[in-house]
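In the two complexes that follow, subunit A is the common piece, with subunit B as its partner first and subunit C second.
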Partner chain A sequence: MTSLHSRFAPVLAVLAAIVAIWYLGAYALNAPFQRDLDRRSGETPTAWEFVVRTMTQAKPTLPAPHQVVANVYENTFLRKPTSNRSLVYHSWVTLSATLLGFAFGTALGILIAVGIVHVTTLDRSLMPWIIASQTIPILAIAPMVIVVLAAVGITGLIPKALISTYLSFFPVAVGMVKGLRSPEAMHLDLMRTYHASRAQTFWKLRVPASVPFLFASMKVAIAASLVGAIVGELPTGAVAGIGSRLLNGSYYSQTIDIFAALIAGSVVAIILVSIIGLAGRLTEKAMGARPA
Partner chain B sequence: MTGAVVAASRLGLTFRTNDGPVEALSNVDLTIGKGEFVSFIGPSGCGKTTFLRVIADLEQPTAGTITVNGMSPEMARKARAYGYVFQAAALYPWRTIERNVALPLEIMGISKSEQAERIRRTLDLVNLTGFEKKYPWQLSGGMQQRASIARALAFDADLLLMDEPFGALDEIVRDHLNEQLLVLWARTQKTICFVTHSIPEAVYLSTKIVVMSPRPGRVTDVIESTLPRERPLEIRESPEFLAIAHRVREGLRAGHSYDD
Partner chain C sequence: MSLRNVPWQGVAALVLVLLAIFSPAFTTQELAALSAGGSGAAFPYAVTGPLMLALAVLAALTIVLRPRPAAEAAALFVLVHAAAWLLLGGIAGAEGGALAAYWFLLAALWLIAWRLATVLSSLRPAGRAADTAVRLLVPALFGAWILIVWEAVVRGAGIPFILLPPPSAIGVRIANSVPILAADVYQTIFKAVLTGYVIGCAAGFVVAILADRFLFLRRGLIPIGNMVSALPIIGVAPIMVMWFGFDWQSKAAVVVIMTFFPMLVNTVAGLAASGHMERDLMRTYASSYTQTLAKLRLPAAAPFIFNALKINSTLALIGAIVAEFFGTPIVGMGFRISTEIGRMNVDMVWAEIAVAALAGSVFYGVVALLERAVTFWHPSIRGG
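On to the complex of A and B.
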């Protein structure tokens, strides 16, 4: 109980500070518009009434935390999950593209890493391209991918998943190259004394040694996949998904909706990263790792 | 030279390092016959590990010639002619003790039932029965080293290369393992190359003691033991034993004075 308390106390303190600053910011940013409004309608609210009004606007410049919380609650729990206004529905649309892209990206990343570790020429020729690929801003590539694929009749899930793949293969490739090369010299020498084949050395030594690296890079990759899926929903004005909520929100100045969609995205990200972390811990435990 | 398990002639190995060449081995002439127990002794850096690694085809000589079982070290390695015990246990942390011992057997394609039998036998030999399902981190350093010896014994090569296998063990365990090793050696007729820093250990175990000295790494004395093959621990108090130990110590001292 005390340990739980001591673990969460600092986190809660930071949260309280953020909320306090957020409220101050909401007041400061919404006050000019509210003052304007009141002057035009000839009202003279008391100081407290004025503060309350800055926190209850329909389209505030910066929504107050309780407005966002209410919106998230309403759109998560009070709507049918199949409804077009449900955050669960939009999160699911983005999540499915994220997971598909993550699966592609992880597979591609592992494949590239295996190639790089085993073929010297690939190490020299492929790595610069891979690094260059990540220097091109995703916001420049995403519309091209979406438009080109739409031209050949591919729309919906696949184009978004491809953008997720593009972002997520990189951390996996880099992490797995490191992981597959992580066995110490003596462990490799041992395999040599047995005259083990490359395949045997790969499966019995390199792969098990790379597992911690795989999970560490998958944590980064799944977060990148989510970003990719959301970005993939922006350029075409997709009808569903967290990205479409962000876009719609900004078209119609529904700032509260934008923040609610951001919260939904963060929650999905936290859940995904936690699942990977848990899977990693369970795998390492099954592989006999010393409990930390 | 026919019949020799290891035959080195004018063998040299120079490592190219950033601070210039290091002569790890220079002009080594040595013949090891079948069934011999050869100890390598000498100060740190005199090339003991390097010599074992050359036999094992883990390091390529830069001068002279060496054969293992009459062939090149590479061919001998590919014929799985030797078992190697490294200076550290080098167990795979994600495998239990029994799976670690099974590793070479898996690689050599030995049947599951035969694997189980050999694991049981070799773990019994190094007194690790009951620890089959434990992971390396759950064992003491000495037990880990014994597991690594079991792993080298499991596939029953005729030549055993052991690099300070008992260096990290306490005196009592070491005595016990020395006795066990002699029993094993007598029973299996294996050829054993054994690196040690301990004079009593070298004299107790060996039929031949190779004294080495550093910079450049070279052989300064080769002592054929006159002790009988049958060796109770008490033999270490006999005058014959002490005479050989004395000669080894003299050899080591001579190697050192060369330095200064």
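On to the complex of A and C.
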């Protein structure tokens, strides 16, 4: 149990420190406005009352952790999942775009990787552009894609998913190129001595060798995909989704709502990454990998 | 020479050019002029049409006949680009009226260009400079042909300007609005991105050194840092805008938060990268913690640190542009994109995207060059 203890104690300590700093920050940032409020209403609260008041404002500059937790709890468990104030509803909207975009992006990334590994011309001409595509602030194109597709009559899930696709294909493509090329020269030579065709080498050697790389890059890709879906919701005029909660919160200074939406997004991200990690471990185990 | 060795692109291109020759017309105007009995008004490709077809046939025959690779590449390069130049130049005034011959010829030219790229990537020139030139030429050719096909398809099919402007219009827009673009770049990149990037990376670096010194801190911070890297941090943008106001400070704050964690995680990983043997050697020299850090562990960590700097160069740009969607003064790249799209000035949006892409590539390139200069000893640089 000592290893468990030495692993979790530091994390908990750092988390506790973060919460403590957060509380101090909430006091420091909310105090000027509260002082102003009290002065106008002519009240002179005691020091403790004043601290409590900074933690209970309706639209604080920095909401205190317990306010955010209360908001998340209320909007997750106390509301019907179909209500448009429910975080479950908004998370689901964002999640559906994320998953669709992730599926497209992974398929596209694998396709590009297979092409690059097998066609020399593609390797020479496409690879530099794929790396360059990462240096483009892809999210800048997001409003463009949304508005243009809306002009053609495509709205809803697809445009957001396309932005997710654009963000998530890159890690998969790069990771899979590395993965498909990971078999050693010795193994490739062995396949040649077996007189294996290119297709056989691909399915029996390259694909199994690339599986760990695939899951590692899929973890990055699904996180990127979620970011894409959230940003994709910003220019649509904020109808539904985590991104729209952020934008609405920003319009009406509902800081507590913004933080609650951030928490919801983070929870979704952690769940998605954990699922991929678990699937990766199960697949590798089924394929006979030894635990590292 | 057996027929099996003939490159398929050459045969396909030849078939497509023949189809183009036997198609009735390049454009609707030509069709109208032909039906009017040849006495009608001038039409596009009246003179250049046969010339383009001849160039394409020559190029296709070059592929099929397979001369020496260097000669083939040179011939194809001249022929295909001359034909493409004529094709793009001739469509002016006949946008949206392209007919079968136009499309067949475009497809044939694209195949010839593909063959050209294949020949070029199989070339192994002797000199080092020539080799680098060929290495650069192949991707440049790919990029150029994306633009050529984009231009030809958009203008030939008459795709509405709102949906997708041709690259030439975007180029004109960039040339005409240099002052606006320069002001946006100054606001977004030089004020927000660079400030935030420097602060964020420096803070990440310092905390990583601290985490390296104190095991407890490292055990606590690294799992959290790894988790945070999966989170949609970009969501803090509205909060930062609320705290730091509409000007560049709030964007810099978003950039600081986005760049901090990759730097922290990578630097800590890098500081663990030096081998036991080297560390033992330092101990036999009785070197202090700082000496070991400065002379062994930081140089060994340099590849990791530069990896973080590269990742952060793109994250920083994204963070600043997205943060501008939540409120800005009336200048900045994100502001320009979101307002011009509302006014349907799509060419301006594309111009801004092109500038952003260029800035991102330059930023990344500078960091990569710096990396080559600093980590010249690393196998990945020395071997390449």
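Things worth noting here:
Convention: the second predicted complex is superposed on the first by the 283 of 292 C-alpha atoms of A that agree within 3 Å, B and C clash if a C-alpha of one lies under 4 Å from a C-alpha of the other, contacts with A are read in each partner's own complex, and residues count from 1 in each chain.
Simple rule for what comes next: contacts are C-beta pairs under 8 Å (C-beta built on N, C-alpha and C of every residue); 3 or more make two chains touch, one makes a residue touch a chain.
No experiment lies behind these values; they were computed from the predicted model shown.
Bringing the complexes onto one copy of subunit A puts subunit B beside subunit C with no clash.
By the touch criterion defined above, A:108 lies against neither subunit B nor subunit C after alignment on the C-alpha atoms of chain A. Once chain A of one complex is fitted onto chain A of the other, the partner contacts of A:289 are limited to subunit B, with no touch recorded for subunit C. By the touch criterion defined above, A:196 lies against subunit B but remains apart from subunit C after alignment on the C-alpha atoms of chain A. Of the two partner chains placed around the shared chain by superposition, neither subunit B nor subunit C is touched by A:51.
Of the two partner chains placed by the overlay, only subunit B lies in contact with A:186; subunit C stays clear of it. Once both structures are fitted onto chain A, a short way to say it is that subunit B and subunit C open up an angle of 70° at subunit A, using Cα centres and rounding to the nearest 10. Counting residues of subunit A touched by each partner, subunit B versus subunit C, the larger count belongs to C. When the two complexes are overlaid on their common chain A, residue A:205 makes contact with subunit B while staying clear of subunit C. Of the two partner chains placed by superposition, only subunit C is touched by A:219; subunit B is not. Closest contact between subunit B and subunit C, by C-alpha atoms in the overlaid model: 10 Å.
Residues of subunit A that lie in the contact sets of both subunit B and subunit C are absent, per the superposition on chain A. By the touch rule above, subunit B contacts subunit A in their complex via residues 56-58, 77-78, 80, 82-84, 86, 88, 90, 92-96, 103-104, 106-108, 135, 137, 155.
Those residues of subunit A that touch subunit B in the complex are listed here as 186-187, 189-196, 200, 204-205, 208, 211, 287-290.
Listing the residues of subunit C that touch subunit A in their complex gives 114, 117-118, 120-122, 135, 138-139, 141-143, 162-164, 216-221, 223-224, 227, 229-232, 234-239, 241-243, 313-314, 317-318, 321-322, 325-327, 333-334, 337-338, 341, 346, 349-350, 352-353, 356-357, 360-361, 363-364.
Contact residues on subunit A toward subunit C in their complex (touch as defined above): 6-7, 10-15, 29, 61-62, 120-121, 123-129, 132, 134-141, 143-144, 147-148, 151-152, 219, 223, 226-227, 230-231, 234-235, 242, 246-247, 249-250, 253, 255, 258-259, 261-262, 265-266, 269-270, 273.
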